[in-house]
Amino acid sequence: MKVTISRKAHFNAAHRLYRPDWSMEKNDSIFGKCNNPNFHGHNYDLTVSVTGTIDPETGYVMDVKILSDLIKEEVENAFDHKNLNLDVPEFATLNPTAENIVVVIWNKLRVKINPDHDLEVILYETPRNFVSYKGS
Amino acid sequence: MKVTISRKAHFNAAHRLYRPDWSMEKNDSIFGKCNNPNFHGHNYDLTVSVTGTIDPETGYVMDVKILSDLIKEEVENAFDHKNLNLDVPEFATLNPTAENIVVVIWNKLRVKINPDHDLEVILYETPRNFVSYKGS
Amino acid sequence: MKVTISRKAHFNAAHRLYRPDWSMEKNDSIFGKCNNPNFHGHNYDLTVSVTGTIDPETGYVMDVKILSDLIKEEVENAFDHKNLNLDVPEFATLNPTAENIVVVIWNKLRVKINPDHDLEVILYETPRNFVSYKGS
Amino acid sequence: MKVTISRKAHFNAAHRLYRPDWSMEKNDSIFGKCNNPNFHGHNYDLTVSVTGTIDPETGYVMDVKILSDLIKEEVENAFDHKNLNLDVPEFATLNPTAENIVVVIWNKLRVKINPDHDLEVILYETPRNFVSYKGS
Amino acid sequence: MKVTISRKAHFNAAHRLYRPDWSMEKNDSIFGKCNNPNFHGHNYDLTVSVTGTIDPETGYVMDVKILSDLIKEEVENAFDHKNLNLDVPEFATLNPTAENIVVVIWNKLRVKINPDHDLEVILYETPRNFVSYKGS
Amino acid sequence: MKVTISRKAHFNAAHRLYRPDWSMEKNDSIFGKCNNPNFHGHNYDLTVSVTGTIDPETGYVMDVKILSDLIKEEVENAFDHKNLNLDVPEFATLNPTAENIVVVIWNKLRVKINPDHDLEVILYETPRNFVSYKGS
């Protein structure tokens, strides 16, 4: 009897999509306006979902306060009000597309979550564009 | 060819999270502010999803009006403007965590829905915390 | 390592639910107010989700701009500000229920999307009623 | 000491924007896609706001249940699942633009609300387009 | 040149609407389901708006961080996860209708905000019912 | 008989809050995380409202398509996917706080809107922080 609990969070960040080994023309043709060398930014909204059995003692799958604190430590403190390309080590050589960001976040949280629990992360880059990842 | 139809609903209720067999100190350490003996409350938002094949005669998986009426009878009439701990028999001895509430709702609806159809229930306790259950 | 990317879109349309081979009485009993012979209408909201592996070169599963343009061509241009029963060929003999609309949209998009990618379409008929389809 | 209470409601309807005394070309040039002779439609969302002093006996400006019932009778029953041009007498000779609809709704509600209270109506035609009217 | 800055916040609480000097029958007839003696509850959403001139040095009307902290101290800490009737002194003898709550919040914030600034508070009791107060 | 029409739009941008004539310490003490020299960013949401009388010929205060195109030209094309500090001339020497941005947008639109019409602009910097300006 598995239940999923979910917690929403958010952070604001600047980023630029490009590959340093490509010409400006090639970067523009692939990444368009997202290749602005002066960066642009987003309010990223996040939903983290953890699936497991209900602990009969507490009635919780996992205390949502613990999940919320974990997201704060691993994601908000690391990414909020940052430039993803310049300030966040995971993107030093990794293009910060929404797809790559969601995988980085999932990997950071996966090692902190009970291995018996399943994990899914949804990341909204804008209200109309979002990505999700569940580890496979 | 299976399609899922979903209907949103909501109810307002008071509740308290605690175990009567635990001390006040232990309840506070596990349930924090949710252990207020005078109760607190929420606007619970609900999404009920039913998955099945489209009836070629009507073009419906299930008439959403029938689903909406069923949610009204089984969930809204039973839980809305109630104290979950004191007024709702299912929680007389069951801690009304979001996880336990979503399983209770799923069980109440499951017996009223065509057994050929799959059922999932999502319950928002706050706009940022929600749970989901699909029966296994 | 599969990631899902999603894009939201919308269109406004009029429709009527009925079967021409049924009497007005039977249509009323099954389709209620949706059988108004003068039509009624909705703001349909759409979420299109594509699942696949991340291209290591670009960091994209699929360029969301290409997905957005595809939705515009196949769905918005075909359905927006239209009468689904009278103006859209797919519904000439198919009842435009939400279930049938979501399958029609899925079929139109499926042939334009990389066959290695999975596709899911969610269609909101109202903010509280929605349907989803992923092809099986 | 004036407080404003507000209630949200909604209805679905079909409509067409045009003037019968203009040519099809002129109607197209002014009303664009909204001039589709087969109609299109919307989920209209409504916020009705009533401003007045708090009744010291009840703590209410106006019982929101009474306001909600009034909106149901005057607006939802009259407009929901209707073709505004063909089924609603107020638009027999009045173009059902969002501006004209919000004034019609305000006039219908104004005569039913305590004359000591101020009234404002906001009408969403789509999630991104809306109009408001407060009577002057 | 006056600009308005707004901050959203929220709290969860239980309450009951009734007058102890009225009979149960009279309370039921006026307050309906809200008169449940075991209480019910809501997720209250709050928007606090402060209007003033832009400080040319900082570009701020008021630092939104200071406004956010003030709402936390005066409103969230006082009301969140509380029973408004039993735990909050302001409602010991005042019926906690949305109208009365919004005035209480406004009064608590008014004395903490620069007197040159205008103040408005909007309080959502449910997603469809809300009230607002600006002090006159 | 004045009606207000409103249109929502959005843009994504990077920015940094600071004064070049202040030390890094003073900037940090006033602007906190917003003073990151590498910038951060937001999805800015915009509501533009125009108030005037209904044209009896068309039933419009102003064609919302014209308003939408104007916002696209003056705001979205100028600000979207830009670094406000480095790419937008208006902020070359003006700190891009939400308050200053909303006044700049209002000024750009005011000269393009019928002088008989009133204009208000609301700018969301995050879903919980927003500002508004109506010109006085």
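The first chain written gets the first letter, and so on, giving A, B, C, D, E and F; residue counts start at 1 in each chain.
Here, a residue touches a chain if its C-beta (ideal position, glycine included) is under 8 Å from a C-beta of that chain, and two chains touch if they have at least 3 such contacts.
Since this is a predicted model, take the numbers as computed values, not measurements.
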Between chain B and chain C, the fewest steps along chains that touch one another: 1
Partner chains shared by chain C and chain F (touch criterion as defined above): A, D
Taking each chain's C-alpha mean as its centre, the one farthest from chain C: E
Between the pairs D-E and B-E, the one where more C-beta pairs touch: B-E
Chain of greatest Cα-centre distance to chain A: D
Interchain centroid distance [CA atoms averaged], chain A/chain E, Å: 34
Gap in Å, rounded to a whole number, between the CA centres of chain F and chain E: 29
Centroid distance [mean C-alpha coordinates] between chain E and chain C, Å: 41
Set of chain F residues in contact with two or more other chains: 127
Category of the chain touch graph - line, ring, star, complete, other: other
Interchain contacts, given as pairs of chains that touch: A-B, A-C, A-F, B-C, B-E, C-D, D-E, D-F, E-F
Chain B-facing residues of chain C, complex: 17, 19, 30-32, 94-100, 102-103, 127-133, 136
Touching residues (chain side chain A, partner chain B) in the complex: 1-9, 54, 57-61, 63-65
Residues on chain C engaged by chain D in the complex (per definition of touch): 10, 12-15, 33-34, 36, 38-43, 45, 80-83, 86-87, 126-127
